[in-house]
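Both of the next two complexes hold chain A, though its partner changes from chain B to chain C.
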Partner chain A sequence: MSSHYSDKFVYHEPGLQHQFDDMGQQEESVSIGMWFFLVQEIMFFGGLFTAYLVFRSKYPMAFAAGSNHLDAFWGGLNTLVLIVSSLTMALTVYYAQKGNRNMQVILIVLTMIFGATFLGVKAIEYTDKYNHGLIPVAGLNKKVKAEAGAEHSAAEKPCWEVDHNAPPVEHPNPHGEFIWTDCSLAKMALDENILTASEKNQYLVRDENNKPVIDANKFRDKVRIFFFLYFVMTGLHALHMIVGLGLMTWLLWSAFKYKYNGDYYMPVEMSGLYWHFVDIVWIFLFPLLYLLGRHFIHGG
Partner chain B sequence: MNAQEAISTGYGGAAKLNYLTNGTTLKSWLLTKDHKRIAIMYLVTVSAFFLMGGLYAATIRLELLTPASDLVESGTYNKVFTQHGILMIFFFLIPSIPAILGNFLIPIMIGAKDLALPRVNLISLYIYWLGGGLTLFALMQGGVDTGWTFYAPYSTTFSNSFVMLVGLGIFINGFSSILTGLNFIVTIHTMRAPGMTWFRLPLFVWAHYAVSLVMVLGTPVVAITILLLAIERVGHVGIFDPTIGGDPILFQHLFWFYSHPAVYIMILPGMGVISELISNFSRKKIFGYEFIAFSSIAIAVFGFLVWGHHMFVSGQSIYAGMVFSFLTMVVAVPSAIKMFNWTATMYKGSISYDTPMLYAIGFMGLFLIGGLTGLFLGAIGLTVHLTDTYFVVAHFHYVMVGGQVIAYLGGIHYWWPKMTGKMYSEFWGKISAMLVFVGFNLTFFPQFILGYQGMPRRYASYPEEFQVLNIFSTAGASVLGIGLLMPAVYLMHSLFFGKAAGDNPYMHPGLEWRTSSPPPTENFEVMPVVTWEAYEFGEESGMDLEAAKQREAVTA
Partner chain C sequence: MSIVKYLLVFGLLVFGTIATYVAATVDMDRFFVGANTLVALFIAFTKMTFVMLFFMHVYWSKRLIWLAAVASFFWLAIMFAYTMQDYLTRGSGVFSS
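Up next, the complex of A and B:
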């Protein structure tokens, strides 16, 4: 055993911290630490996935309806962007090990561009939700004044006959409430008798003939839970992306300064692990949120 | 002679620098990366929170002296017991042994210079201060009245107290716990000295490995739960509100998924301390080392599978209840394994009744009662009668106070000479250990009877026929309070007037006793190479028994 503190002539490798004996021990420690950090991240998101699971199995039609409103094109594009950014990140680690500074810088910049693209697309999507009154917290949506004397088709027709391609101006929303007027999926499920027990309990009221019919407001509340989970899950994911971009900025600076080479590249590798983890979370979020309802669109 | 040489000149050198004297400025403390200094800063803060939680407890006991709600009104009483719970659980019990004794001892016990991630360790202390500060701020603003469990929809819709601020404090504080656990796991994996194999680790370290797993796996779940609770309270999106399709039982599931394992965060480190105390003060190799080590891991694993036993009467499916009831019985087995092994270790040991050993023996009695009454509550039929009565209160205080607090005090007394280099008054130590034991039993045993007779918990008033036992309980609380305040006095006194403890006052073989008291910043003058098994007391231990005895004669 060497004892560093008593021997000032011991060669210190540049990145070696005082508490370690050698780089091997340091790399092993940092690596185990990062993996356990990612495990706690999984548990963190795990709570949300549990909530998703519970409510999706309780209210499948409300979740399908909400999911159909998400644009699978944007979601798919973001999936593609993130997968490619994982490739550039992995290549960054490779070139850090090789000590190739120029390739590191180029690849980190590319990774950052992809990350920023992802966040830009997310911003477009969030704006769309804002315009359509789909943010689940009342008051946070775009406030649309009710036009005096205008006819509101939504108010007259039953909720399962609402034309959901109608422009948003048809839904006046003076207080920025959460708005959802279309319950055609629930109606379809009611007609085909595939509503779950908790759905029957929670969507339906009795009409004057004592026949069960869909209650528009009750159905809306369940769709709101879908959008709540959508915003919390993608929001937390986006927060992790922003932290990742911060890490990338730091890496870019250090790589630019020739800090990483075959002997010292752990910061790159650890940031890479983090980046891949955030990607993988998205790989789960995309099908759960964007694709789940598409099965029902054409009555399939 | 420079500082480095002074450290390596061996015993008794007047100029010898230890971790306390190596830098005396405030900055050298606040920016330290030394796990020992961080542990001392935790000790000071955690003790302050313990005192505050204790004052709330005193208020509760005084209020319950009479049947009427006369000292405080019901609304205030709700806040008092809530804040007692929050301070004691999140800011005292959870960080007590891991953040103080674990932080101080784990690197020394495994022969390392520091924890693997010293900066993360310092960050976790600051996070603890931030979370604790926010919570104290919230309490000064007016406090919170939801019970420490924050059950929805009361906490999300109806409570008019500072739920958000306290929730934020606990949310932040959770990350302190996560980072501490992560640091311990990494340290135990990678920082062990040459020869310190997994099965030579002191059982204190095994217990902390298990508890760290629980911290890393459980705490993030309660963090996300508090986040959902906060959004629900602000935005009323309906996730926990049953009137619009939300699910309050989901909140309970998520909450107890962390908060039941958190019970093991609170008791496992105590069990680690007790393993050390029992073996060392019996001067006998611990009986069934592997069984105790793996029972800690088993408790950590099974601890994650029993959360539903908090929800037997709250709308959970009866079949889930049966499974949780069975698993609750299963989790009692590893605890019992520990109890049997400790008893077997004492058998034919050469036991000395120092203060820490008195605490350890007290622990065994109290934890036995606490554990066995847990089986009453885990039995799915009987629990319907006992839920939300004082029986539950008595049960978890027997485990949390009779278990963890007693173990914590035993540990603080045991390692005090190592941490400070000073010996406290053994006489007053024994008096206080016995007062705590007597006072504790007088406080909480009557509550078993009260609960069995049906006195509900969390009420400021109660029917008159319960008064006699409540008077017993309050009287006991006074004795317990005195017993708990005494160490604060004589331990502080020993800092200034205590005699020097010597490096190994008890002649114990652990690595922490093979360095000076207090240890130098780098923990060891020569980094150790371990050639002995854990808890070896004879020649095999590699200790210079004769030299150690002589040194003891000089210092004693």
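Up next, the complex of A and C:
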């Protein structure tokens, strides 16, 4: 019996891929690969955070005004939903290490339910933006019937004279979409003299007495930048959630077939890393998008 | 790590989320401009640290994993710093505003 022949029957762990010497080497290679992937994901989102940083430092009041159009309730709820899903994901890894197949299956299903809930809430929010003319591309919002005189009355009144307890005065643009005209935050900053140099350049026009006043259209252009970033950042994040749900589907199937145990659970662990990463991105998106202008409303 | 410890981390994350919301409703910008954002980011970084250390098991990982995790923020800081040192120092003239 040659040694060549007996080599074929040498024992190795069922989960070991042939290119690795042992499970330790395989686990180390797998996790470092996954972490390098996550590092480039951080840079991927980092580009958007950089754009956010640049434009928010230039137009802080436009960002605060745009942020106040978002519903912090839905944003906060989604933060909690993602944190619960992170817990169920972490427990999935825990039970995969214990080799408990039934608990794995239950927890993966729970993780998927919370992931889907997150996307459902996102859909509610996007619909709300669509209905209220907040999608930053003209022509992509809901068309409304022009109310008689609405455009006229909105044009008459200065954009900062807004009754925040009454429903917002909106009037349709030439595309037939609602546009809102609230520039009270910029007016407040102008009165307190805290506008940045860029804001003074970009929001203000001279009135008939040569006094600087806020121009609603110019201000809205900068709020639109906030909504561009809002849709791209949350959209990219939602895309990651959809990919995550795909991963979970595959994980559910293989866990259902008793694939993972204390010796071999790296696919569960790596999917978990990805899921937690998506959670971390949202941990930053929530305060940076939803809560900017909150203290202007409550704190006064 | 035991289930109780996972639940403790989870409780801390929920508390952090509520704290983020409450902090955002208080006007801290009266002390200095950007105080609200600073507090929000501090809470977010704390939450992230707990997720990374315990949910993502970095705490029990090899040094190489620690290095990858920390290096990512280092690269991010370079991107932020070099972008802002340009934008914040643009003077008057064609490139102002």
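Here is the rule we go by: the second predicted complex is superposed on the first by the 269 of 300 C-alpha atoms of A that agree within 3 Å, B and C clash if a C-alpha of one lies under 4 Å from a C-alpha of the other, contacts with A are read in each partner's own complex, and residues count from 1 in each chain.
Operating definition for what follows: a contact is a pair of C-beta atoms (placed from the backbone, for glycine too) under 8 Å apart; a residue touches a chain by one contact, two chains touch by 3 or more.
Bear in mind the structure is a predicted one, so any value in this text is a computation, not a measurement.
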Review point. If you stack the two complexes on chain A, which partner ends up touching A:Q202: first (chain B), second (chain C), both, or neither?
Key: both
Exercise for review: Pick one for A:L38: touches chain B only (first), chain C only (second), both, or neither.
Suggested key: second
Check your understanding: A:T50 contacts which: chain B (first), chain C (second), both, neither?
Key -> both
Exercise for review: Scan A:A138 for contacts with chain B and chain C and give back first, second, both or neither.
Suggested key: first
Review point. In the superposed arrangement, which partner chain does A:L80 touch: chain B (first), chain C (second), both, or neither?
Key: second
Point to revise | Contact breadth on chain A, by residue count: chain C or chain B | key: C
**Study point:** Shared contact residues on chain A - chain B and chain C
**Key:** 28, 32, 36, 39, 43, 46-47, 50, 54, 58, 202
Review point. How about chain A: which of its residues touch chain B in the complex?
Key: 1-3, 5-6, 17-20, 25, 28-29, 32-33, 36-37, 39-41, 43-48, 50-51, 54-55, 58-59, 136-138, 140, 202, 218, 221-222, 224-225, 228-229, 232
Check your understanding: Okay, in this complex, where on chain B does chain A touch?
Key -> 4, 7-8, 33, 112-118, 120, 178, 182-183, 185-187, 189-191, 193-194, 216-221, 223-225, 227-228, 231, 234-239, 244-247, 250, 253-254, 257, 522, 526-527, 529
**Study point:** Interface residues, chain A side, partner chain C - complex
**Key:** 28, 31-32, 35-36, 38-39, 42-43, 46-47, 49-50, 53-54, 57-58, 72, 76, 79-80, 83-84, 86-87, 89-91, 93-94, 194, 197-198, 201-202, 269, 272-273, 276-277, 279-280, 283-284, 286-288, 291-292, 294-300
Point to revise | Interface residues, chain C side, partner chain A - complex | key: 1, 3, 6-7, 10, 13-14, 17, 20-21, 24-30, 33, 36-37, 40-41, 43-44, 47-48, 51-52, 54-57, 61-62, 64-65, 68-69, 71-73, 75-76, 79-80, 83-84, 87-88, 96-97
